[in-house]
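Okay, got some structures for you below.
You will see two complexes here that share subunit A, one where it goes with subunit B and one where it goes with subunit C.
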Partner chain A sequence: MWAYLSSPRFLRSILPAASLAVLLAAIFYIQPRTMSYFGLKLMLQYAVPIALATIAQMHIITVNDLDLSIGPFVGLTACIGATLLVSTPLLGLLALAACIGVYAGLGALVYWRNLPSIVVTLGMSFVWMGLSVLILPTPGGKAPVWIKAIMGYEFPFIPLPIIAATTIALVVHQGLMHSSYGAVLRGAGGNPKAIGRAGWSLLKSKMLMYALGGFFGVLSGLSLIGLTSAADAHIADRYTLYSIAGVILGGGEFVGGRVSPIGAVLGALTLTLTGSFLIFMKISPDWQIGAQGGILIIVLALRALIKRKEAMS
Partner chain B sequence: MSTARSRIVDLKDVTKKFGAVRALVGVNAHVDAGECLGLVGHNGAGKSTLMNVLAGTLSSDDGVITIHGQDLAAHYNVRQAHRNGIRCVFQELSLCPNLTVAENVRVLHTALKGVGWKQRARRLIRDKLEEIFPGHGISTDDVVGDLSIGKRQMVEIARAFTVTTEPLHLVILDEPTSSLDGITAKQLLKHVRKAVSKEQSCILISHLLGEVLDYSDRILVMKDGEVVAERPASEFTRDSLVAKMGTVIEEGSAKVEDPAHKVRGTTPLMVRAQDKYQETGVELLAYKGEIVGLAGLAGSGQTRTLIQIYDAAIKGKRTEKTAVEGPVALIAGDRQTDGIFPLWSISQNVCIRSLKRMVKGWMIDPAQEDAMAEKWKNKIKIKTMNMDDNILSLSGGNQQKALFARALGSDAEIVLMDDPMRGVDIGTKLEVYELIRTEADSGRTFLWNTTEMEELNNCDYVYIFSEGKIVSELARDDLTEEKVLRSSFEKGN
Partner chain C sequence: MILKGPALERLFKKPWIWSYLGTLIVWLITVSFTKGQGAGDIITAALSFATFTVIVGLGQMFVITTGPGNIDLSIPANIALSGAVTMKIMDGTNDMLVVGFLVAMGCGLLVGIFNYSLIRILKIPPIIATLSSSFLVLSTAIAYGRGLKVKPPPFLADFTTEMVYGVPMLALVVIGLAFGLSVVLHRTLYGRSVLAIGQNMRAARLAGINVERIRFATYVLSGLLASLCGLALAGFSGGASLNMGEEYLLASIAVVVIGGTSVAGGRANVPGIWGASLFMFLLVTMLNTLGASGGVRLIMTGLIIIAVITAAGGEKQQH
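So, the complex of A and B:
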C-alpha cells in the first residue's frame, strides 16, 4: 500500500489535488470565515469561466498546439453575449456558432499548411480583439437575464461554483478520457503518425479539437458576463496565460497528448484561489501576479522532482 | 494461377520514387493464403518501402496491386488494406505512448465503440497477449509510454493479430524481433507458424537470416529496389542468401587505386576508440592521413562511436575508451536536423565552424568570411550564383557540399563523417570522394560511417559493426562485399 502511495506515478496524479488542498487549508487557517457556503461561493465565483477557458485550452494542447488567443476570444464572446444575444438572440447565437466555426477552420489551416499554432492564434488574438472593440467600443452592454439566473442560482449546501466545476470536469473527462473516439483524439496528440497509419483522419481530429476549444471558449465568455452583468473587450485578457497555467498545473504537458480534464479544472481552481490567498496574506496587489507566478513555479518544481524520481526508478 | 491456395496479394511492376531516389524499381511479388514469406535485403534495398505500399501508408507511383483478385492500385489506402485483412507491424513503433494498451487496440479497430468498448478492447488484447506471449506481464490498463520497448513491441504485435469485424488475412512483420529478447522472439515465431497453419499469412522481414530461413516457406531477396531472387526457403542457405543480397562484382565498382600505398602504422595515431558498452574485442584505430571506414547495418553503433569520439575531442580529455589527438569536425548524416542552419546563407553555413579565426577586435571580419566562402565555392564547386543566398536555395547535394566545406575549411585534423552521402547524386559523390582522397593525402584523418559498399572501397581500413560492437576489421586489400556482409550479420558477443 505504502509502495503504491509513494510511487511517482501516484504522486504525479495526486499533485494537482494536493496543491489545491494545501492552498485551501492555508486560506481556512488564515481566514476561518471563508470556510462557509458564502465564503466559498465568493472566493470561487470566477473559477467557473476560468475553468471553462482552461478546458478550451486543454483541447488545443491535446493535439500538440497552443492557443494564444483564448483570452481575447473569451472577451469577444462576452461582448457578443452582452449585446447581440440580448438584442437579437438568433443573430447572437449565429455569431457564437460562427466563432466556433472559425476555430474549426483554424484547426484545418494549422493542419493543412503545417503552420505553428502559436503564430496563427497570436494573429487571431488581434482579430478577436478588434471585433470585440467593434461590437462594444466602450465597456457596457447587458448580460441576458437567463445567463444571470443560471450563474446566480443557489444550490442548497454546496455553492454553485463547486457544482459547476465538478460537472465540467466529469463531463469532459467522460468525453475525452472514456469515450472510444476520445482515445483516438488523444492518440492524435500522442503519435499522429500511428493514428494516420490506423486509417483515421488527422484533419478531422484537429478540426474537432479546435471546435471544442471554441465551444468551451464561448461557454467561458457567457458564464463570465453572467457574473459581471456587463462586458468589455479586455474583460478576459489574462485568461490566455491563466488557461495555459491551469492545464500545466493540472498535470498536462505541452506535447504528447498527455492531458487531464479533472486536473485542468483543479488547476483553474488553484489559480483562482491564489488570488484570494494573497489578499488574505495582505500582499499588496502590486506583487500579486509575481506571487502567483511563484506558486506556479513551486508546483511545477515539485512535478519536476517527481519526474526525476520516476526516471531514476 | 489455379493453385489450391488462394492468392491474397499480387504485386506487378510496383514502382516508387522519392525525389530522384528510386526506392522501388518495378517489384513483382505475391503472397498466398497460409504461407510465411521471408523478405531480406541490405539497408535501403526497399523492403520497408514495399511494405508501406502494401499496408497502404505509402501510395505507389505505378504498377498493379491486386488483392483477393481485385485491382486496387488506384485508390489503395490504409482503410482499404484493413478492410481486406492486411495489417502491418512497422519497424518504428506505431503505438500512442500517452494511451493505455486497451486504448491503443481501440485505435486500430473502428468496430470498438459504444457502450463497453473498453471492456471488449481489454479482453481482446489480453487474450491475444496470452496466446502469443504467455507470461507477458502486461496489464491492459498500463500506459504504453511506461512500458519497456520490448513490451511495447509485444503489444503492437499482439494488436496486429486481434480480430473484430474486419477479417485478418495477412500480417506484415517488419523487424519484429529487433526489440524482443530470445524467449519472446521464439514465442512470436512459433505463433507465426501457428497462424500460417490456420490459413493466415505473414510477411517476415528480418536482418537475422537464421530466423527467416527457419520460419518462412518462401524467401524473397531484394536489392536496390528490385526483387533479385525468389525461392522456397529450403533451397536457400545462409551463404547463398548473403551472396544474393550483395552485388555481383561489377567493373564499375572496382577498387579505387591507391598510388601511395600507405603502410598502416607509419604515421602518428590520431584516434583510438572502443564502444562504451564493448568489453573486449576489436579497437578502432585511425592513423594520420588515413580514411577509416565504419561499416555494418544501419544503427549498429557506428554513429554512437563517432559521437563518442566527437565528445571526447570537444571536452578535450582522454577517457579510458577513447583518445583523440587533434581538433575534430563532424559532418552529420541527417542534413536537415543536424547539419544546416536553414535560416542562414550558404556563406554563414560554411564559415560557422571557423568563426574563431575570423574575429577582429570583437567582431567577425566580413572580408575574411567572404574570402573563405569564395574559396570553398570554387574548390568544392558549390553551384550557386551568390554565396549570400539562403542555404535552402541549393539542391540537396550542394547543401551537403556546403557542409563538407564547413568541415574541410576548418582547422580540424580529424573529420568524422556520419553517412553524409545519403541521397546525394552520383556526380557529387565522385567529386567529394576525390576531395576526401586529396585531403587525406595532405595529412587529414577521416572516419567514415557508411552503409554503401562503393564508399568503403574508398577507405584504407574498415571496421565492421554488428549489434553495437566492432566485430571485425579489414585492411583495404582484404575488403570484399561478402566479408563485410557476413560480419554485419555476425552476432556481437
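So, the complex of A and C:
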C-alpha cells in the first residue's frame, strides 16, 4: 500500500489535485465563509471559460505544438458572440464555424510545411486581434440571452462552475484517453513515426486536434460573455498564459502526447483560485501573475523531484 | 555597378536579402503613394524604431540558434522591469547614469541566470521556463513601477533621440552592436559553439563543447540585451511604462524568422535582423499611409509573418 502511495507514478498523478486541495484548504482556513454555495460560486465563476481555454490548449499541446494565439482567439469568439450571434444568429454560427475551420487549416499548414507552431500562432494572434477590433471597435455588445441563462443557472447544492468543470473534464477524458481514436491522436504526439507507419494519417490527426482546440476556444469565448454580458477585443488576452499554465499544472508534458484532461481542468481551477487567495491574504493584485508564476515553478519543481525519484528506482 | 550573373545569383542565395528587398518594396509603395513626400523622414523614423527591435532580436537570435525548443519569452517582462528600475534609480538626473546602467545590466543578468536555472534544475522546456519566469519578472515590474512617472535623465533622453545627419545616433550604435555580435558569432569560440550546438547538440558535446555553459551564456546574453532595450526605450519615449515591452515578444521572434535565421537552430543571420526590423516598421507605415484601419493593420502584420515563415518553410530536425 505505502509502496504504491509513494510510487512516482502515483505521486505524479495526484500532484494536480493535491495543489488544488492545498490552495482550497488555505482559502477556507483564512476565510471560512467561502466554504459555502455562494462563496464557491463567486470564487470559481471564471473557472469555466479558463478551463475551456486550457482544454483547447491541451489539444494543441497533445500534438507537440503550442498555441500562443488562444487568448486573442477567445476574445474574437467573445466579440462574435456578443454581436453577430445576437443580431444575425445564423451568420454568427457560420462565423464561429469558420473560426474552427481556420484552426483546422492551421494544423494542416503546420504539418504540411513542418512549421514551428509558435511563430504561426503568434502571427495568428495578430489576425484574431485585428478581426476582433474590426467587429467590435469599442468594448460593448450584448451576450445572447440563452448563453446568459445557461451561465447563470443555479443547480441545487453544487454551484454551476463545479458541475461544468467536472463535465468538461470527464467528457474530454473519455474522448481522448479512453477511445481508440483518442489513443491514435495522442500517439500522433508521442510517436508520430509509429502512428504514420501504422497507416494513420498524421495530417488528419493534426487537423482534428487543431479543430478541437478551436472548438473549445469558441466555447470558452461564449461562456465568458455569458458571465460578463459584454465583450471587448482584449477581454481574454491573459488566457494564452492561463491556458499554458493550466495544462502544465495539470501534469501535461510538453512533448510526447502526455496530457491529462482532468489534470488540465484541475490546473485551471487552481489558477482561478490564486486570485481569490491573494485577495484574502490582502496581497496586492499587482502580484497576481507573479503568484501564478510562483505556483507554476513550485509545481514544476515538485515534478522534477518526482522524476528524479523515478530515475533512481 | 551592374552585378554579373554569378555574383547576382550568389547575392540572392543570401537568406537576408529577402528582408531588404521587402523593405525596399514596401518603402517604394509608401513613397509613391505620398508622391515622394517625406521619403527621407520615413527612413529616419524606421531606423529609430527598428533599433529597439534589433536589440532584442539579436538576443532572441542567439537563443533560437542554440537549437529546437530554445526561445526566450521573458523579453517583454524584462524590458518593463529594467525600464522601471533604472528610471527610478536615475530619478531624472545625470548623476546616477552609470549606476542606473549597471543596475539595468544587473537586471538582465539576473533574469538570464534565473531563466537558465529553471531550464537546468527543473529540466523543463525553455518556453515554459522563460514563460514562468516572465510571470515573476512582470509582477515585480508592476509592483515596483506602478504610478512611476519619472522622466529619463537628460543625457539618456538626448542620446537616444540624437540625430547625426538625419541618422539616429542610437541606430548607429546598434549597427555597431550588430556588427560586433556578428563577429562574436562567426569568429569566436563562443559563437562557433552556439552554431555547433544548434546543428547537433550531441555531436557538439562529443566534440568537447561545454554545451550547458554555452546555453547559460546565451540566455544571459538575451537577458542583457532585453535590459539594454528597456533602458534605451525608456530614454527614447520619455519614461518607462509597464506595457512598453509587450510588442517585443512577437517582434523579437518575427525578425529572427523573417531575417533568415533557421528556426530549427544552427544557422544565424545578423544582417537579416536589421532588414527584418526595418521591414516590420515600414510595413506598418505603408498600411498607415494607405489608410488601413487598426484592425486591418493587425491582420496584415499577422498574415505577412505567417506567409514569410510558410515560404521559408520549416526544416527537418536534425538528430
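As a working rule, the second predicted complex is superposed on the first by the 313 of 313 C-alpha atoms of A that agree within 3 Å, B and C clash if a C-alpha of one lies under 4 Å from a C-alpha of the other, contacts with A are read in each partner's own complex, and residues count from 1 in each chain.
Just so we're on the same page, a contact is a pair of C-beta atoms (placed from the backbone, for glycine too) under 8 Å apart; a residue touches a chain by one contact, two chains touch by 3 or more.
Quick caveat: nothing in here was measured; it's all calculated off a predicted structure.
A.B. asks: Figure out whether A:Val184 sits in contact with subunit B (first) or subunit C (second), or with both, or with neither.
C.D. replies: Touch status of A:Val184: first partner only.
A.B. asks: Does subunit B (first) or subunit C (second) touch A:Ile289, or do both, or does neither?
C.D. replies: After superposition on chain A, A:Ile289 lies in contact with subunit C alone.
A.B. asks: Quick one: is A:Thr138 in contact with subunit B, with subunit C, with both, or with neither? Answer first, second, both or neither.
C.D. replies: neither
A.B. asks: With both complexes superposed on chain A, which partner does A:Arg9 reach: first (subunit B), second (subunit C), both or neither?
C.D. replies: first
A.B. asks: Touching A:Arg197 in the superposition: subunit B (first), subunit C (second), both, neither?
C.D. replies: A:Arg197 contacts subunit B only, not subunit C.
A.B. asks: For the three-chain arrangement built by superposition, which of subunit B and subunit C touches the greater number of subunit A residues?
C.D. replies: When the residues of subunit A touched by each partner are counted, C comes out ahead.
A.B. asks: Looking at A:Gly257, would you say it contacts subunit B, subunit C, both, or neither? Reply first, second, both or neither.
C.D. replies: In the superposition, A:Gly257 touches subunit B alone.
A.B. asks: Help me check something: in the complex, which residues belonging to subunit A touch subunit B?
C.D. replies: 9, 178, 180-181, 183-184, 186-187, 189-191, 193-200, 256-258
A.B. asks: Where on subunit A is subunit C touching in the complex?
C.D. replies: 66, 109, 113-116, 118-120, 122-127, 129-134, 137, 241, 244-245, 248, 254-255, 284, 286-294, 296-297, 300-301, 303-304, 307
A.B. asks: Using the touch rule from the top, collect the residues of subunit C that touch subunit A in their complex.
C.D. replies: On the subunit C side, the touching residues are 71, 118, 121-125, 127-128, 131-136, 138-140, 142-143, 146, 249-250, 253-254, 257, 263, 293-303, 305-306, 309-310, 313-316.
A.B. asks: Of all residues in subunit B, which touch subunit A in the complex?
C.D. replies: 55-57, 77-79, 82, 88, 90, 93-99, 103-104, 106-108, 110, 112-114, 117-118, 145-146
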